[in-house]
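Okay, so subunit A shows up in both of these, paired with subunit B first and subunit C after.
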Partner chain A sequence: MNDRSLWWRIAWRNLWRNSRRTIITAAALAFGFLSCVVMIGIWYGVIDEMIETGTNLVSGQVQIHAKDYLPERSMHATLGGQGGIEVGTYLDHLETEPYVVAAAPRVYAGGLVSSGEHTVAGIFLGVEPEREARVTRLLASLVEGRLPVPGRRELIMGDEMARTLDVRPGSEIVVVAPAADGSMGNDLYRLTGVLHSGLPTLDGAYVVLPILDLRQLLAMEEGRVHEVALRVSDPWVAPAVAMGAGLMPQGPNGPPIQVRAWTDFRAELAEYARLAFAVNGIVVAIVFGMAIFGVANTLLMSTFERRREFALVRALGTQPRSVAWTVVYESLILGVIALAAGTLITAPVMYWLHEYPIDLSRFTEGFTMAGSAMRPVLRAEYTLDGPVVSAIGLLITSLLAALYPAYRVSRIPPADVLAD
Partner chain B sequence: MLAAAGPRRTRTLGQTHALILGLCLLPSTSLAQSPRDIIDQVDRLMRGNSSRGRIEMQIRTKHWERTLQMVAWSLGTEYSLVRVEAPVKEAGTATLKVVDEVWNYLPRVDRTIKIPPSMMMGSWMGSHFTNDDFVKESRLIEDYDIAFADFGGQERASYWDLSLTPHPDAPVVWGRIDYRVRKADLMPVWARYFDEGGALVRTMTFDQYQRMGGRLVPARMTVVPADKPQEVTLVLYQSLEFDIGVDETFFSLRNLRRSAVP
Partner chain C sequence: MSEDAVASQNAVPAVRTVNLWKIYPQDPEPVEAIRGVNLQIDSGEFAAMAGPSGSGKTTLLNLLGGLTRPSRGEVWIGGVEIGALADKKLARIRLEEIGFVFQAFNLLPVLSAMENAEFPLLLQGESVSVRRAKVRALFDEIGLQGLESRRPGKLSGGQQQRVAVARAVIADPALVLADEPTANLDSATGAALLDVMERLNQTRGTTFLFSTHDPRVMERARRLIRLVDGAIESDQRR
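Here is the complex of A and B:
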C-alpha cells in the first residue's frame, strides 16, 4: 500500500468518525445539487417551450425562399423561378435530408376579408393541411369548427379576426386579393373553423386555406410556392441544416434560394436562449457559493476536534503538506458521496417534473415571452449540461471548502498541541 | 400591405380623373398671381363641376401587362364612381368614393365591400397610382406650402415651376411635390413626387393636350415609379364630358352595383 492510498483511507475513516455530521453535510450538498439540476431543468423547459412555441406555431424552424423573396415578399418571387417546381417531389426529397423531420409548402398573399358590413385586412396563408400538421401546430390550434377541405372554397381564421368580422363557422366570407396576373382576385368562401394561437398577429390577421384554393384565387400556376418550412429533430441543429447543400429545389444550378434557420428569423429568441444558458452558471455559482461556507465550517470543526491526532502524526515526522491533503481528500470523498446521493434523489424528482409539469394555470392564463405564446406550465427538461455543470460545481465546492481547513491543519504546531 | 391595394387604387382613379379635370379647367386667360393662386384655381374651379369620362388604363409591370377600359363619373372632389368595362373578367367591378368613404363592388361574388379607412395605401389593379396621392390632391392648398421654383431645362421661360412642401402637421405621405405647369394655358406638364427623405418616388407626365367636352385637357398621363423605371401606367382619356347634370344622389351604393350608365 503506497503512501497516497493510506491518506485516502485515513480520510475515509475520519469521515465516519462522526457519521451523522457527515451525512448532514453530504445531504446539504446533495440538495444543492438537486436544486441546481431542477432549476436548470425548468429553465431549459421554459426555453424549449419558448423555442417550440416560437418556431412550431407557424414559422417552422428552417424556411426556404427564393433568393429574391425577402424582404419585399413579392408574390412573383416563388421557388424555382418562372417555371415553379415539382412541389411534391421536392418536399419528399427535403424529408430525406439529415435532421429534417417534415417539410410543408406555403403560399402567401395580402388581401381583404369581408363579411356583411365589416372588412379587415388579412394575410392569406395557403397550406397543405397534412404536411402542415407535421411541421407546425398552426392547424392544431383550431378551437372551433373544422379544417377547410381543399377545393371547396373553405377557410379558417384567427379568433380575433372572426370577432372583428362578427362571423362564426358556417358564415360566408368575401376574400379579395391582388392576383398574379394583375387582376383583383375575389371569391366567396365559407368559414369552417376558428384558430386561437395566443399570438395577436396570427389571431387577428391570418386567414388559412388550402394552398390549391389560394393559388386559384391568386391566378397562380401549380408548382408555385413562396416558402417551404421545415421541422428539424432538434431546434439547435436548425442552423446546420440551413447550411446544407441539398436544399436547392433544382440542384446547384437551379435558381438561387435563401435558407434561414429560426436563429436568424427569430434572432431575439436565440439571443434570449443564449442569455438563459449563461444564467445557469450563475445559478450554480450562487447555490454552491452558499454551500461552500457550510462545508468549510463542518470541516473546520471536525479538524479542530482532531488537533491532537494531527499534531501526533506531525510529531512522528509527517510533512505538513500530507496532513493538509488528507483534509482535502476527506472533503472530496464527502463531495462524491453527496453527488451519488444527489443523483439518487434528483432522478425521480426530474422524472416527476418532466412527466407531470407544474401547472400554473391557476395563477395565469398563459403569456407571451420574447414573442412566443407560453403555456402556463413549468416542465423540467432533461439535459446533459444541467447535471454535469452541477456536479462540477459540487466537486469544486468540496475542494474550495477544504482549502482553509487544510491550511489550518498544516499549520498545527505539534509540540504545543501535544503539550496541552 | 398587398391587401389594401385593390380597392384603394380604384379610388385613385376617380381622384385622378378629378385631378386632371381640375388642372385642365383653368381658363387660359386666368392670370394666376401667386403660386398658391395657381393651385387654388384648380381646386376652386373643380367644385360643383360634374364630369364623365371614358378612360383606358394601360399597365406594364415586370410580370404582366394589362389594359382596362373604364368609365368614371365625378362631382367636385368629394364624389366619384369608376366602373370597369373590360376585360370581361373584371367588367362591372366598380368603386365609389363619397367624401372619405370608399366602397368596392365585386360582380363575381355580387358583394359590396366597404374599404376600411386604415387601408388607404397601395395601388389599384396593379397600376402605379397610389390612393393617397390622389385623395390628397384636392387638398393641396390646405396641406402644402406652395412656392415658385426653377427646375431648369430648355424653354424654361414658358413654364411655371412650383414646389409644394407639406405643412409640418399635414397628414400627407410626400416630402415634396414638384409641379411644372405651362404658362400659356396652365396645362400641367409633369409632377414629381418625393418621399420624406427627399428621394424621387415617381414621375407623372402629362401630354397629348386636346379639346374634350369643350375644354383643353391632357389626354394622356404617364406614371413611372422611380424604383422600377421599366414599369409604367398610362391613363388615356378617350372622351370627356362636363356638367353632365348629376348630383350627390347619383353616387349611391345602388348605382355602384348597377351596370346601367346614365
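Here is the complex of A and C:
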C-alpha cells in the first residue's frame, strides 16, 4: 500500500461511517443520472420520430433527380426514357448499394381535381405501390378503401381533399393536368381510398395514383421518372450515401444527376436535431449543476465533523495536498457508487420506456413539429450519448463538489483544532 | 544503547529554542502565551514540563513541534530553524523528526491499530514488509501483540494511548512530544503507559518531552521544567 492507496482506503472507510448519509447522497446523484439519461433518451426519441416521420412519410431520405429538375421541377427534366437510363435496372442497382434499403420511382405533376361542383388544386404523385411501400409510409396512411390498381384509372387522395371535394371511396373524380406534349390531359378516375398522414399539406393536396396511369395522363414516355427516393438503414448515413459515387447511373460517364440527402431538402429537421444535441448538454449541466451544491454541502458537513482527524494527520506530517486529496477521493468514490446505482436503476427504466412508450393519445391525437407529423407517444431511444454524457456530468459533479471542502480541510490549523 | 550512540545523539540537541515568544492578538490586549523561552532538550532526555493551566505548556509543545509558528525567536530541530519554514517543509520535519502523543486518544477511527501505528512510515514511503515488521516488533515490546487488526473503537483507553505512542516512535524521530498523555487514564493504566515510554527511552534512546499536571509523570521525569505565565520558572535535572 503506497501513500495514495492509503488515502483511497481512508476515503472509502470514511464514506461508510455514516452510511445513511452516503446512501442518500449517492441516491440523489443516481436519480440525477437517471433523469438525464431518460430525458436525453426521450429527446432522442422525439428527434428520431421527427426525422422518421419527416423523411419516411413521403419524401424518403435520399432523392435523386435529373440534374436540371430542380428548382423548377420541370416536367421534361426526367431520369430514364429515350437516351436516358433504364430506370428498372437503375433501381435494382441502387438497392445493392451499402446502406440503401429500398428505392422507389416517382412522377410528379400539378393540376386540378374536381367532383361535382367542387374543384381543388392538387399535386399528382405517381408511384409503383410495391416499391413505394418499402421506401415510405405514404401508402400505409390509407385509412379508408383500398390502394389503386394500375391500368384501371383509380386513385387515392388525402382526407382533407376528399372532405373538400365531398367524395368518398367509389366516387368519380375528374383530373386535369398539363401534359408533356403541350396538351391538357384530362380523364375520369375513381377514388378507391383515402389517406390520413397528419400533415395538412399532404392530406389537403396530394393525389396518389399508379405511375403508369399518371404517365398516361401526362402523355409521358414510358420509363421516365422525375424522382427516385431512397430509404437508408440509418437516417444519419444519408448524407454519406448521397455523396457516394455508387448512386451514379452507368458510372461516372452516365447522365448527370442531382442527389440530395434529407439534411439538404429537410434542412430544418437537421438543424432541429443539432439544436437538440446542444440541449442535451444544457439538461445535464442544469441537473448536475444543482447536484453540485447538495453534494458539496454533504461533504462540508462530513469534513467538519472530522476536523480533528484532519488536524491530526496534518500534525503527523501529512502534506496539505494529501489531506485535500482524501476529500476528493471520497467524493469520486461517492460518484462511482452513484454511477453504479444509477446505471442499475436506469437500465430497466430505459427498457420500459423504449418498449412501452408513454402514450399521450389521451391528451392529443398527434401534432406537427418542424413539418413532421408526430405520433402522440414518447419513446425513449437507446443512445450512447445519454449514459456517457450523464456519467461524465456525474463524475465532474463529484469532483467539483469536493473542491471547496478539500480546500477547507487543507487549510485546517492543526494546533487550534486539536486544542478544541 | 552503546556509549558511542549516546555520544552521537548528544552531539546535536533534539530541540532548542532561542528567545521564543508566542503572542496571540486579542482585544483588549494581546496575550503573551510564551515569553522569551530559551530551552534545549538533548537527545535521549526524558523530560517533563509542568505548570498550572494557562502557563503555556501546550503552546510551547506546539511551537516545538512546528504546529504553531512563533511570534518571535527561533526553534531549532536537528540543525534546522523551523520557525519560518514553508508549510510543506514544516510538514516534512514533523513527519521525519517529531512524534506526537496527544491528550485525547487521537487515533484515526477508520484505521486498525497497526495501520495507525504504521502511518508515519507509510507517509515516508516505507515498504509494507518493513512497516509491518517494525510495527509487530514494537507492538510486542509494548504489549499490543494480538491487537493489530482492531479499530480504535475496540481498544481500551490505555491500549489506544499505547498505539499512539507506537505511532509516535515508530519512525525513530528525534523528539517525541506528549501533551498530557496520562490525563485521561486511570492510575494503573497511566503508570503502565509511563513504563512503556520510559522503556522506549532507555532501549531506543527516544527523546521524550511531556507536558503534564500529573505528579506521577513529574516523579518519573529525569528533568522537570516548570512554566509559569509563559516563562520558565525552574529547570531541574535529576
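In the analysis below, the second predicted complex is superposed on the first by the 416 of 420 C-alpha atoms of A that agree within 3 Å, B and C clash if a C-alpha of one lies under 4 Å from a C-alpha of the other, contacts with A are read in each partner's own complex, and residues count from 1 in each chain.
Heads up, the rule we're going with is that a contact is a pair of C-beta atoms (placed from the backbone, for glycine too) under 8 Å apart; a residue touches a chain by one contact, two chains touch by 3 or more.
Predicted model, so just to flag it, every value in this text is computed and none were measured.
S.K.: I'd like to know which partner A:R134 touches here: subunit B for first, subunit C for second, both or neither.
M.R.: It touches nothing on subunit B or subunit C.
S.K.: Tell me which partner A:R21 touches in the superposition: subunit B (first), subunit C (second), both or neither.
M.R.: neither
S.K.: Of the partners subunit B and subunit C, which touch A:R274 in the superposed model: first, second, both, neither?
M.R.: After superposition on chain A, A:R274 lies in contact with neither partner.
S.K.: Once chain A of both complexes is superposed, is A:L112 in touch with subunit B (first), subunit C (second), both, or neither?
M.R.: In the superposition, A:L112 contacts subunit B only.
S.K.: Is A:G122 in contact with subunit B, with subunit C, with both, or with neither (first, second, both, neither)?
M.R.: First partner only, subunit B.
S.K.: Could you say whether A:R146 touches subunit B, subunit C, both of them, or neither, answering first, second, both or neither?
M.R.: After superposition on chain A, A:R146 lies in contact with neither partner.
S.K.: Pick one for A:M75: touches subunit B only (first), subunit C only (second), both, or neither.
M.R.: first
S.K.: May I ask you to decide whether A:A180 touches subunit B, subunit C, both, or neither, giving the answer as first, second, both or neither?
M.R.: first
S.K.: List the residues on subunit C that touch subunit A in their complex, please.
M.R.: 58, 62, 65, 67-68, 87-88, 91-96, 98, 100, 102, 104, 106, 108-111, 119-120, 122-123, 125, 128, 167
S.K.: Looking at the complex, which residues from subunit A come into contact with subunit C?
M.R.: Checking each residue of subunit A against subunit C gives 1-3, 6, 10, 13-14, 17, 308-309, 312-320, 322, 414-415, 418-419.
S.K.: Under the stated contact criterion, what part of subunit B meets subunit A in this complex?
M.R.: 1-7, 59, 61-66, 89-90, 93, 104, 106, 108-109, 111, 113-116, 118-119, 125-126
S.K.: Show which residues of subunit A lie in contact with subunit B when the two form their complex.
M.R.: 75-76, 109-112, 114, 117, 119-123, 174, 176-178, 180-184, 186-188
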